[in-house]
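Which chain is which? They are A, B, C and D, in the order written, and residues in each are numbered from 1.
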Amino acid sequence: MPIHKVVSNAEEACKDIQSNMTLMVGGFGLCGIPENCISELVRKNITGLTCISNNAGVDDFGLGLLLQGRQVKKMISSYVGENAEFERQMLSGELEVELVPQGTLATRCMAAGYGMPAIYTPAGVGTEVALGKEVRNFNGKDYLMEFAFDSDFALVKAWKGDHKGNLIFRATSRNFNPLMAMAGKITIAEVEELVEPGTLDPDHIHLPGIYVHRIFQGVNYEKRIEQRTVRTRS
Amino acid sequence: MALDKIGIAKRIAREVKDGMYVNLGIGIPTLVANYLPQGIEVELQSENGLLGMGPFPWDGEEDADLINAGKQTITTLPGSVFFDSAMSFGMIRAQKVDLTILGAMEVSERGDIANWKVPGKMVKGMGGAMDLVASAKNIIVAMQHCDKAGNSKLLPACTLPLTGVGCVKKIVSDLGVFDVTPDGFVLVERAPGVSVEEIVQSTKGKLIVPNDVPEMVI
Amino acid sequence: MPIHKVVSNAEEACKDIQSNMTLMVGGFGLCGIPENCISELVRKNITGLTCISNNAGVDDFGLGLLLQGRQVKKMISSYVGENAEFERQMLSGELEVELVPQGTLATRCMAAGYGMPAIYTPAGVGTEVALGKEVRNFNGKDYLMEFAFDSDFALVKAWKGDHKGNLIFRATSRNFNPLMAMAGKITIAEVEELVEPGTLDPDHIHLPGIYVHRIFQGVNYEKRIEQRTVRTRS
Amino acid sequence: MALDKIGIAKRIAREVKDGMYVNLGIGIPTLVANYLPQGIEVELQSENGLLGMGPFPWDGEEDADLINAGKQTITTLPGSVFFDSAMSFGMIRAQKVDLTILGAMEVSERGDIANWKVPGKMVKGMGGAMDLVASAKNIIVAMQHCDKAGNSKLLPACTLPLTGVGCVKKIVSDLGVFDVTPDGFVLVERAPGVSVEEIVQSTKGKLIVPNDVPEMVI
């Protein structure tokens, strides 16, 4: 893997993403999503995608944009509420959906990044999530065996990154991003601020650059808020 | 009078003890944070990657990078810490979270819970609920006792797809408080003004009624 | 678990550690070891301990001090060189030793902290490490099943910590410390600097306090260097 | 003349290419860092938790918290990053490290390696070696061709307890460079002044000698 990773923008970063590929897309809801890469996938208009992402965005933002354009064949997610078009496509059978418990989703990403082919989790034992899966008892408790994810690309968003691909995330926009970054065969990181090596404190970096193949400074971040909830001053 | 949502949240808040790490689900459970007993120190875990969740931000101070598991804008407190989703569910699976409070569509007398899917009608997904109920030591459910047609949601067995098996320890519904035991639901408290008879008629699952069932004081 | 975690010193922190218990001890070589807790174990003179630690210290420092006093019944480690007394006790049969590949050791700690009963790793397949273990093939490659560690206490050392048990490590003294902190039934953290909650940036914390049961500010850190290797100015 | 340790390190250094992530074992492999080709950018991984390992510190600037896997004091470089041991071996198992260079006591013609134990005599432990050899895509071994009694350490099968099976891709010994292939050791280069005959006599495992075996240029 080349250490020379900096590309100029989403178009260059995503140049070899093709129809029918499997993509991991970071973020939780609209928080910490790779906005630039998603826009570029819309522009490229590739189709038949399998997307592994905790959520499916909202109707008009995030992965919802890809759903609108019928670019997604299959979603692998834990929660897909708050998206009418998604629900329509799913119930009509246009869209294939695999629902995965959130912790299982996260851990299957981590497993890929840590070279572990499978993990055991109690989540879903005794439910329809367990159908067809191996159940194994350890110390008196049942666990499901779940496999590491396999994806062609991982698209993640970080707050800061350096030329070596080292990433720092901000607050809860971290979520699935470092895990998916570890798991992608090719990992593309878009960052709000791209800095020279040596700028970031080596103790503050959340995701080592060895996991990142391409990095660029994104533009025009909207960072839309899904549920604006505030206290009003009396 | 049956409890409203705030009443349910207030009653559940009394189950939260000093020093606990607590995960609050979406809906009524989120409201519990507003009614915690004075003088206790509690750490709220939000499974999207935060320990030490603070209140909603002041108007104008919301931060798109700082949300809870319900996607609401929130704040931090002194001593808060962020982490990724794998570690978040790692600490949940490892039972470091002392108490999980979540909503349910149905609970069975054996403590099974269903809250993520209505076949053919609604499929929002399980989010983190399956991980939470499979792992947590102590699970309290906040729920409406009956559906809009008046049918009991405390059942001999769940009719909806399960979220988890034999995991619910306690239920606070609009009608009362129930322990879930190997023998079935045990009525622990009545909501103010709600009679034992009304609760018995509204509960389809096996219900054990002690001789004296106190009325709740909120 | 109480959020009220601050204790005054190693003696108070270790008060209920008893003979024949299993202890995890953080550090790599002499780097990042819980010096205060180790001294306290020497002072208490409890015996029959099983220690899970990557190394066994040197003859007169680190876990070597416990070995000198014959306090250790069994070591579970990956590398035990540079310790003559250790080698003597091991070859004479006085000390039981279980050698575990370093990555397996680390991952078995993490598994405990992440509530995963077992993990799969290719390390040791086809070697004597695999004896008696389940071998399973995933995607054409063989893996060993290894179990999460079970320990009564984890003793770890951090650079900074706050009253809620949040920890920050410094440089390569991080090593096994956060992993063992996650894995202990009771975790004791000693820190060079104990600060008020709110002092540490929530994005810089390496180990969330939920995993830490007791914390204290250590004293008199020697931080001995095992292999001082330098360039001399010409 | 057979190569000395520095010679072996220099020859191995030529196998390191621009942009590689490399893990260097203890001993001769550590020396490789001193002889990397000019103008290439390489990131050294130290499995105790550092990517971007720099040179030894200047006298007086050593830091007890900053060591490599051989416990030597080291430094960082711009772009270095620290992590815990689980992530370190996670990236190793996930084959993110392009090249692993380590020492060996014995290597078999099938690429098995033994380097961690001499029964009854020496048991230092495997450290990270078993993880590295089980995971790495590309493994180069630095070793002495024969023991002090003159017995070959390139063998039909290892006699010592194995570290890993069928994993070594290339050997640089004091006598030459060898590819490990399904057909056995293939002699690729001779050390300066070392004859093919000498290498053949010193190699007990199956050795394939091409017609023309160039002398190494360091």
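In this text, contacts are C-beta pairs under 8 Å (C-beta built on N, C-alpha and C of every residue); 3 or more make two chains touch, one makes a residue touch a chain.
All of these numbers come straight from a predicted model, not from anything done at the bench.
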Shared interface partners, meaning chains that touch chain B and chain C: A
Chain pair, C-D or A-D, that carries the greater number of C-beta contacts: C-D
Centre-of-Cα separation between chain D and chain C, whole angstrom: 28
Between chain C and chain A, distance of the C-alpha-averaged centres to the nearest whole Å: 33
Computed distance of Cα centres, chain D from chain B, in Å: 56
Intercentroid distance (Cα basis), chain D paired with chain A, Å: 37
Per-residue multi-chain contacts in chain B, two or more chains: 50, 76, 82-83, 86, 89-90, 92-93, 135
Residues of chain A whose C-beta touches two or more other chains: 107, 114-116, 121-122, 169-171, 202-203
Chain contact topology (line, ring, star, complete or other): other
Contacting chain pairs - touch in the sense defined above: A-B, A-C, A-D, B-C, C-D
Residues of chain A touching chain D in the complex: 1-4, 112-116, 162-164, 166, 182, 196-198, 202-203, 205, 208-211
Footprint of chain A on chain C - complex, ascending: 107, 114-122, 138-139, 141, 143, 147, 168-171, 202-204
Contact set on chain B toward chain C in their complex: 18-21, 41-43, 45, 50-52, 76-83, 86-87, 89-98, 135
Chain B contact footprint on chain A (complex, rising order): 28-32, 54, 77-82, 87, 90-91, 97, 99, 101-107, 109-110, 121-129, 159, 169-179, 206, 223-233
Complex interface listing, chain B residues touching chain A: 46-50, 55-68, 70-74, 76, 82-86, 88-90, 92-93, 112, 120, 123-131, 134-135, 161-166
